[in-house]
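You will see subunit A twice below: alongside subunit B first, and alongside subunit C after that.
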Partner chain A sequence: MARAVTPQRKALNTLIAWTIGLVIFFPIFWIFVLSFKTEGNAILPPLEVLTSPWTLESYGVVQERSDYFKHFGNSVIIAFGSTILGLIVAVPAAWAMAFVPSRSTKNILMWMLSTKMLPAVGVLYPIYLVFIQLGLLDSRLGLTIVLMLINLPIIVWMLYTYFREIPGEILEAARMDGATLREEVLYVLTPMAIPGMASTVLLNVILAWNEAFWTLNLTASKAAPLTAFIASYSSPEGLFYAKLSAASVMAIAPILIMGWFSQKQLVRGLTFGAVK
Partner chain B sequence: MGKIQLNQVTKSFGDVEVIPPLDLTIENGEFVVFVGPSGCGKSTLLRLIAGLEDVSGGHIMIDDVDATTIVPAKRGLAMVFQSYALYPHMSVRKNIAFPLRMAGMDKAEQDRRVSQAADVLNLTDYLDRRPGQLSGGQRQRVAIGRAIVREPAAFLFDEPLSNLDAALRVGMRLEISELHKRLETTMIYVTHDQVEAMTMADKIVVLQAGRIEQVGSPLELYQRPRNTFVAGFIGSPKMNLITGPEAKKHDATTIGIRPEHIEVSQTEGDWQGTVGVSEHLGSDTFLHVQTDASPDPLTVRTTGELSLRYGDKVHLSPRVEHLHRFDAKGLRIE
Partner chain C sequence: MYLKSALRAATAVSMIAASGAYAETITIATVNNGDMIRMQGYTDQFTEATGIDVEWVTLEENVLRQRVTTDITTKGGQFDIMTIGMYETPIWGANGWLVPLDDLSEEYDADDILPAMAGGLSHDGTLYAAPFYGESSMIMYRTDLMEQAGLDMPDAPTWEFVREAAAAMTDRENGINGICLRGKAGWGEGGALITAMSNSFGARWFDMDWKPQFHTQAWADTLTFYKGMMDESGPAGYATNGFNENLALFQQGKCGMWIDATVAASFVTNPDESTVADSVGFALAPDTGLGKRANWLWAWALAIPAGTQKEDSAKQFIEWATSKDYIELVAENEGWANVPPGARTSLYENPNYMDVPFAQMTLDSILSADPNDSTVEETPYVGVQFAAIPEFAGIATEVSQEFSAAYAGQQSVEEALEKAQALTTDAMEAAGY
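This part shows the complex of A and B:
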């Protein structure tokens, strides 16, 4: 039996949902507002901030002072590079675990997940030393590899879940039909797993784009992505709210827009195994 | 060609032996049905022949070539799965052409074979649809189409009709039998449905717990079951198996009599009984009669017109020439 929902109750629920949504969204909205104000107007009481004149001044200053496009380029390379590298490693791994599981498959999966529970700072020191030894500090290659490793458990887990949904008989049919392992993965498995793979890619790009701990600690200037670009505006000499806001907006806008357009795919992918 | 021989084939999963050493020869062009209750190893046996599972011991010969370690694709066999296992992202045409494409056949020949198969299977109008847009019966035909275009040495069917409704099942059963008559290719067909086995097979292999209980033509199995398991498994409704004093009278531990081999009379007969439930099928009526011969009710087949009601007293007489006798081990006594 469907539960009866009175109009009043529905209205109340809607109100609560919107309130929570707006509270969560408010900081982003406020950053957006401040980015269009002068430094002086940005520190006025909130109502006066809203009524003060709008300007693009901060954006101009930010672009002039630090090369936005260089950082943007670094972010793109690191986020997409680590994702592609991750897929190359994770697709065969997830395939093996989903279709030819061994007795220790479950344990390996749990072990991989457990690495996500380790505080990142716990391995900062050894990784930093390794990076010095290999000359990877402040390099895009080094950062791409680290972010790939950081997100690898999530990629493998997600792909494993999607692959598990694909009936084994279909792959056996491909084998009977004369497909080699490569052809089986290329022509049968991958096309069937595309929705899952797409959301894996999306989620991983977002995670890599937003990753700040490693990008801040392992880069200086050459390989610094947008996270480092924002951080450079929070200086000990005092905060410049307007410029910091402008930098933040420029850093999060690309990923926000990408997320906006792909949210349907993302939600579908993330709930793939749960709702059949 | 499509002669398949299993020599001392065994299969174990871990410590569990699902198929003890087994020998079997399937002649070229035969329609062989593996039948048995669920878990008897019939699907495993088929998968061993297909190469989807590795044998734990023994050899599989296909056309006198040792195929034990050959990969599935190179054995020259085609398989139709219970779930159809069609490629959901490909059109019917691409599904059927897939094995040809994998074999690197040229496009024109692919097209020719696909349209030929579609013609045979009445799929011509559906070639550009996706499997998701087809009914169960049509999907099954696509799966068969994908198997026949390869012109394999033998077809392997793994319970192909169990997902279809009863009416479609009868239709597809005929289609597959007809296909066999036309292609004259070896077919190995796995089912738990003994009606499918009886109606389609040239040769039935009855399996239980991975062991072959009996191999023979449907009528051989029906008329001369080698043991009580086969006697009880083949035939619908089941053969009546009676133990105790009644069996002793015939120098056996167990006697078996099929429902159609029992005479019913309201005046005289060997066993007295009371009619329980009767099932009217129109042409036949199956009576379940509680008698003094056996603790279990006996099933008796009579003509549709016979009007006996629940609780009526009847007399039953087995036709002695159709009596099956089994010893203490359950083996047939000749």
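This part shows the complex of A and C:
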């Protein structure tokens, strides 16, 4: 039986949730505010910032100085490309581990996860040298592969968790009906795991979109995504908050809007698992 | 019919592709500083004149340093020109990572480069990077507040005078701090200021045997004086203030004095950005009478990584961007106050430029800093606010973190110096000194 929730308790929970939400969202809100100020006004004390005049000047400067759409295009290709490539590798891997586990499945999963514990800079030079040899420096293909590899453990883990919740009997029934392995995965498993796969895709697109170490270190001009676009507006000698904020808003807006529209799917997938 | 059209289109496309193949493109890595961004705006003129296209990669200073170091040490070949400073140039030049710039054309007039700049950007007398702009540091002060305090700022003040003036100008009730100085951790932030300041107190990083010197009285005097003065007259939270934070404070009228990069003079005197633009005076960085002033020397310069396939085009660009003609171009379009300063002697012989209020003090500051003789006692290293050895950046960042902790009151000056001595000794021994 569900525990009764008193109205006071509900109000308190709502208040706490809103407070936490607002605290988390505040930096984004402040970036948004600063992006509509002049450089001079962006450095005023917070209250004076809010009351100072609003302007689109910074957006104008950023638009004039940088090729936003080139960076945006690179971000889209790299983020979605690495996620799709990751799914192609991870779905069969997660299927095998979820439905045909061996004694070392758990160890393999843990080993995959352990690769996330290595500081990225530790493998910068080896990867840089490999990229030079393969001619992949400053290429979207190279970055797509690297980001796929970085996010692969997360994709495999998430899919494995969702697949595990799908009753094996359903797959057995499909096999009894004569489904081949390919049909079983494509027509039975995948549709059932769609909410989980959707949240996996969304989360990985967000992670790849925001990734700033490899995207800054392995690109120069051709494949530079929006992270490089943001990085170009920080300045050691000179005021830059307003322009940096405008560049940040332009960089995060697409992913923020995408997250906003798909939040139901994202939360459902992340909290409930595959079988409802 | 369709076949004909398709053939025509294919021919046109291949012709465009072929013509594109002739236009060489060079890639330049740079920082987001006002002068650099301005140069990007004029790049079209270079392309028009030479047919060479330019791709810019603008990065934050520390990211740029890491990025170009990775590329140059692995011979990645991502960049044809790199924007580097006085710290990297002699080290990279010595390692053979940079193309020597000893064959620049006669019209370029390499002898016109300010000797202090050329010296700091050379190794064994060979120039490895051409200065785009140079800077030293100086005192920027509020003439109105000085007057109110009944004081006159000499052109070359002592630290004692600066401390007294700071105390006299401080008006906490009205949010005015007598002096604003960098305290932020980082070898190029607070580390640069305290090292330059220590030179004027007779301190040095290493003796002639590369032994760290933080246990000396001169370093104790430097840090004690800095902390005492800043606690008396500095802004709240000065331990985390860097260039930009102090610039903001000064522009808002909250600092009586600010000792920092000479390039800041154009920001604080710009009425569009600064509320105190019409009441700023300039003076040399202070001393203690020991013969060395607390001003540093730095240049952002353009260098060519060894191994680039486009060396000739890269040299052409460097000759264009650091030429006298480029300075004229900027002056013509944006006024003399906005030309890249501190690189060429001829700029300081130009009467138009010398009308700019901070021009003379900038030149005097640059001329009074010598990277080959920056300390009272002899040292084995080159550099004013740094020692040009590869280990310095890492060590100085850690040392400046200890100093910042002392400024913030998290430890005493003595503790900070002890830790600085220990960590520097360890790092230098590990590096084989």
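Worth pointing out:
Here is the rule we go by: the second predicted complex is superposed on the first by the 250 of 276 C-alpha atoms of A that agree within 3 Å, B and C clash if a C-alpha of one lies under 4 Å from a C-alpha of the other, contacts with A are read in each partner's own complex, and residues count from 1 in each chain.
The rule is simple: a residue touches a chain if its C-beta (ideal position, glycine included) is under 8 Å from a C-beta of that chain, and two chains touch if they have at least 3 such contacts.
Everything numeric here is computed off the predicted structure, so don't read it as measured data.
Of the two partner chains placed around the shared chain by superposition, subunit C is the only one that A:Ala220 touches, whereas subunit B remains out of contact. Once the two complexes are laid over each other on the shared chain, residue contacts for A:Pro191 go to subunit B alone; subunit C is not touched. In the superposed pair of complexes, A:Gly178 makes contact with subunit B only, with no contact to subunit C. Ranked by how many residues of subunit A each touches, subunit B and subunit C are led by C.
After overlaying the two complexes on the shared chain, residue contacts for A:Leu137 are found with subunit C alone; subunit B is out of touch. Residue contacts after overlaying the shared chain place A:Pro167 against subunit B, while subunit C stays out of touching range.
Contacts of A:Phe25 after superposition on the shared chain: neither subunit B nor subunit C is touched. In the superposition on chain A, no contact is made by A:Trp111 with either subunit B or subunit C. Subunit A contributes residues 39-40, 43-44, 65, 124-125, 128-129, 131-132, 137-138, 216-217, 220-221, 224, 228, 231-240 to its touches with subunit C in the complex.
Across the interface of their complex, subunit A is touched by residues 27, 29, 31-34, 37, 40, 55-61, 63, 66-67, 70, 74-79, 188, 243-244, 247-248, 251-252, 261, 263-264, 267, 272-273 of subunit C.
Residue ranges on subunit A touching subunit B, taken from their complex, read 167, 169-170, 172-180, 183, 187-188, 191-192. Those residues of subunit B lying in contact with subunit A across their complex are 50, 52, 71-74, 77-79, 81-83, 85-89, 98-99, 102-103, 146, 150.
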